[in-house]
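Both complexes shown next keep chain A, but they swap its partner, so chain B is in the first and chain C is in the second.
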Partner chain A sequence: MQQRTLPYLLLLPATLFLCVFFIYPFLLVAWQAVSQDGALTLDHFRTMAGHWKFPTAFWNTMLLALAVVPVQLALALFMATLVTRMGKGRDVILYIWTIPLGISDLAAGIIWLAIFEQTGFLNSMLSGLGVVEQPVAWLGYQNKGTIFLAVVLAEIWRATAIVLVILVAGMGLIPKEYYEAAEVFGASPWKRFTRITLPLLRPSIQTALILRTILAFEVFAVVIALAGTNFPVLMGETYHWQFNLQDRHVAAAYALVILAISIAFTLVFLRTLRVPREAQP
Partner chain B sequence: MTAVTARETAVTSADIRKRGRLVFVATIIILCAWVLAPIYLLAINALSSPEQVNAFPKSFVPGFETDSIAFFMGFAGVARALFNSVLVAGITMALSIGLGAPAGYALSRFDFRGKDAFRIMVLMTRAFPLPLLALPLAVMFIRTGLDDTALGLALVHTTLALPFAVLITFSLFAGIPVELEEAAWTLGCTRLQAFYKVVLPLVLPGIAASAVFAFVISWNEVFAAAVLTIENRTLTAFLLQNINVSPMHLKFAGGAVLVVPALIFIFAVRKYLFAMWGIANR
Partner chain C sequence: MRKTTTTTLAAALLAGGAFAATGGSAQADILFWSTQAAPVEETQAMRGQVLSGFEEAVDYQATDDRGPWLTRIEAELQAGSGTIGLLGALHGEFVSLSDDLVDLSDIELGDVTVNATFQQLGMLGTGEQKYLPWMQATYIMAANRQALDYLPEGADINALTYDELIEWARVLAEETGGPKFGFPAGPQGLKHRFFQGYLYPSYTDSAVTEFRSPEAEEAWNKFKELWQYTSPSSTSYGFMQEPLLTEEVWVAWDHTARLADAFNQRPDDFVAFPAPAGPTGRGFMPVIAGVAIPRTAPDTEAAKALAAYMLKPETQVATLRATNFFPVVEVDLPDDMPASVRLSGQAIARMANADDANPSLLPVGLGEYNGKFNQVFVDAFERIVLAGQDVRQVLDEQGETLRSVMQDSGAPCWAPDEPSEGACPVE
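Entry: the complex of A and B
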């Protein structure tokens, strides 16, 4: 009797918690977005879509994710491959490479602000080299391109570590025998990478891509720290509507847009990188 | 003749290997610099006086002044924000381990109906932008009197940290052979005693690591903290709220104060980082 109820008792607290603080709030936010004083309405979505900042914020967020995530995946794959070839010092290097994992997006934004601000280190270096006469306002509202670049760099710097950790952990699960066999048959390092590492790493790549893409759609504090309101993104607009404009219905509509693109991309990754059941470890 | 060519090729291949080794090491060093240099630049700013921070061109060596940090720590509201951050992160840590560890144990030890449903619910949390939860909860908290409290925010942060706590503790418990527990039972221990005396000492370091992880998740979170707190701001929320009005040296000192504990914590859990993710992948 106890044997049968015990697991349920152990799961109960976590389950109740997730129901109250995860599932219920999402139903609530959906309702907030489509209702006004208890009646269904699409007005909030109209207000959201009609605001001039919405298309900008939407495409900025999308472009950022598109610029950041592939670079992170490639860079993390490269770093993880280097890790597998390391002998001594592997632990130290891994620690250094995973440092940004512990750094908050706000702190990362402030760190890159130190580089890109007008009296920052980039300008100091460029003027020291004689490239520029006057410090350039890289993050000024008229320099949309460099703002974008600064945010991309900060995001790549901050969040490649999480992809690296997932991939290194995944590579640890690949049996060494496969590589030994491939070497016996004379496969080049590149062949071994494309024929053994990549296919067997598919579950890890899938996890990393889903996680990173969703986090990329949530980009917020990095942008606020670097660009203030000069570079609207979806999460920033959500905050703006909730906090400054005090319209939680429109904020909820924004939340649903972010939720929708997150789920859509998760499904795409689940489908395109599907791991056949018999190939699962 | 053939011997000579053989030696020549041997030399060139050794050369190539040496050069390859050099490129390998250089790449690793460059990547380390890519990670460390920005942190160093922040440290320069945090360890320089306000005048040095706003000077141009800037020195690439810190002035080793504590004015900026002292100014930041003395700034109205910072001490309280720091206290709130620690408090919220502490509650998050306790809640996520308290709720997550039993679930992790159940998943690792029992086969029961509904196990998959629970796992799917936990994995599903990853496909959702969780900080957005703060929006509906803001309304719910006002009704229940939890608005602008450390506990209210910690509840949101726990939804962020709980899935990790469940998956990590699951992998920890799964790593302890059931036979150990069974042996304790046959020697007269009850289930609870066996857990206390045999399993717990073995998993305690890992549990501590996942608690630290939960702490860092909460310490670093910005969006929910900014939405849910007004008077009782955490450090991240405080910095975000004042980011447009505060002078540069205040921002950099604040950034440094945010970074330092995170660095220490990640150092403390580095051993578990990869074990955590190896299992959490599945």
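Entry: the complex of A and C
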């Protein structure tokens, strides 16, 4: 009896905590999004979808996630492979690569702002080399392309490390014997990577993708720092409606949209990267 | 040791008693209940340098929070008796108290000349002088002296029109290698005040009612023209003093407090001048604070004397030093004022006293809808000017949003719009 109830007892505090500080506020937010003075309404969703910035913010967020996440995954796979092959100095390299993880996203945005600003490092360098005569307004409102690129760069720099850490841990779990056997049969390094590493890394890739994609939909501070209002994203609009326009109903509607997208993508990843039960270690 | 402690304690108690005693006698002081000069240094300066010159003792109490300020005066009005002698607040804060303010038209001001436009505003649309203007701040133009060489032929910098400004910006852009006009269109910039208080009043003599009129369409088209010669970095500018100092920008519009650093750091390199004028006058948005006396004031005569004292030129100069708000009466500023005060002060005086001056007020009565009201103008700017959408269509759509903001808030019109019964309409 004791044996059977103990796990539940131990889980109780965390469950209570989640209920009080996550589920309950979430229900309040959901209710705010669909109610006005106590009555059910879809007006707030209509206001949100009808606002001229909504489609731009929606697609900007999507494009950003689509551009950032695959690059990060590829980069992290490459870096993780390098790290696991290393003998000496492995930890040092790993620590250096994960430094951006310790920096807040706003700080990361400001660092990249110092580079791309009109009076920033990039312009000083280019004019020092004589490439440009006048400083270029990389982040000006007409240069949507460079704004997008700057945000993508900053995001890749800042958040690849989290994927890397998960993948490095996952690679550590792959038994060495598989590689040895493959080598005996003369498999090339690329073959070993695609036939052994990737399939066996599937659970880690799944976790990393889910985590990274959800975070990508919540991108906020980097965009605010680099682009201000020139590059609307869903999270920025949520903040704007909540605090500047003081309309918490529409802000709640935005929050639910972000939640819906996150859940949808999580389900996709869970399904496509599923590891069959019998194949689980 | 113990003995010392006891003695200190006793002394403190005694001192406390003495304070309580003064507190008791302070009942006779005139209570000046204000929303202005609320930061501690400014409050101290008001007490020590401005009000100490008055013949009677004044208890100056300032709160930054409008809520408590209003609650106390409303409670006194409801009770029918009170301790507040003089009220100090922004124009908009007096509006809801209008019926309970004493008529100040019979105050003896001596040879002081109060700005007539502001005095008119102080009547709050009634036949009585509900409050007397007390001090002001506003938004003006600033230019690097280098830019003056490119002024269009025959243009007077102190009486520019929007057409002349556009022409000036064009010449600057074409002859100096890039746009030199700057506009605070960044997230922290006060662009919405430009549209509400400068562009709209100058072209439509309105900020709300005529929001989507043909005249408004013309105004936006003019601004689009100006935008062609505006530094594209403007969408990241918050305080124009910074790009002015780095010389990214030579000509700019902003709040006096947001230009002050440029004037103070390099007073000889910059000039300040009034905002331009359009077909319906020189629209500008003064931030006006006034003094008023509630009908429950314990000693109306003493309060009136204090109000008159606040308008004396010496007091106005002392107030300027204490709060950085400018005089509303004719006054010669002494030479030892900071450069920003000298430069902006002159420009403000020229703007307010111009024949075509068309002052408009900060939005009044919007409450929590302030953000949405401003957003209507910001959205119109971003859609028309940045995204290049059709002016007519944007104004129609934003006009609808503005109408619902006005209806939800129930705010009646404020100057320069004609007073309305109920919520201010959007034609």
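The rule is simple: the second predicted complex is superposed on the first by the 271 of 281 C-alpha atoms of A that agree within 3 Å, B and C clash if a C-alpha of one lies under 4 Å from a C-alpha of the other, contacts with A are read in each partner's own complex, and residues count from 1 in each chain.
Please note the rule applied: contacts are C-beta pairs under 8 Å (C-beta built on N, C-alpha and C of every residue); 3 or more make two chains touch, one makes a residue touch a chain.
Model, not experiment: these values are computed from the prediction.
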item	value
Which of chain B and chain C A:Trp52 touches, first, second, both or neither	second
Touch count on chain A, higher of chain B and chain C	B
First, second, both or neither for A:Thr119, with chain B first and chain C second	both
First (chain B), second (chain C), both or neither touched by A:Gly228	both
Contacts of A:Ile103 with chain B and chain C, given as first, second, both or neither	first
Which of chain B and chain C A:Ser35 touches, first, second, both or neither	neither
Touching partner for A:Thr81 - first (chain B), second (chain C), both, neither	neither
Which superposed partner A:Arg248 touches (first chain B, second chain C, both, neither)	first
Touched partner set for A:Leu139, first chain B, second chain C, both or neither	second
Shared contact residues on chain A - chain B and chain C	118-119, 224, 228
Touching residues (chain side chain A, partner chain B) in the complex	4, 6-8, 10-11, 13-15, 17-18, 21-23, 25-26, 28-29, 32, 79, 82, 85-86, 91, 93-107, 110-115, 117-121, 123-124, 127-128, 135, 157, 165-166, 168-170, 172-173, 203-204, 207, 210-211, 214, 217-218, 220-221, 224-225, 228, 235, 238-239, 242-243, 248, 251-252, 255, 258-259, 262-263, 266, 280-281
Touching residues on chain C, where the partner in the complex is chain A	177-178, 186-187, 232-233, 235-236, 246, 248, 368-369, 371-372, 375, 379, 382-383, 386, 397
Contact set on chain B toward chain A in their complex	24, 27-28, 31-32, 34-36, 38-39, 41-42, 44-45, 54-58, 60, 95, 98-100, 102-103, 105-107, 109-110, 112, 114-115, 118, 121-122, 125-133, 135-140, 155-156, 158-159, 162, 166, 191, 216, 219-223, 226-227, 236, 239-240, 243-244, 248, 251-252, 254-255, 258-259, 262-263, 265-267, 270, 273-278, 280-282
In the complex, chain A residues that touch chain C	52-53, 118-119, 134, 137, 139-142, 224, 228-230, 244-247
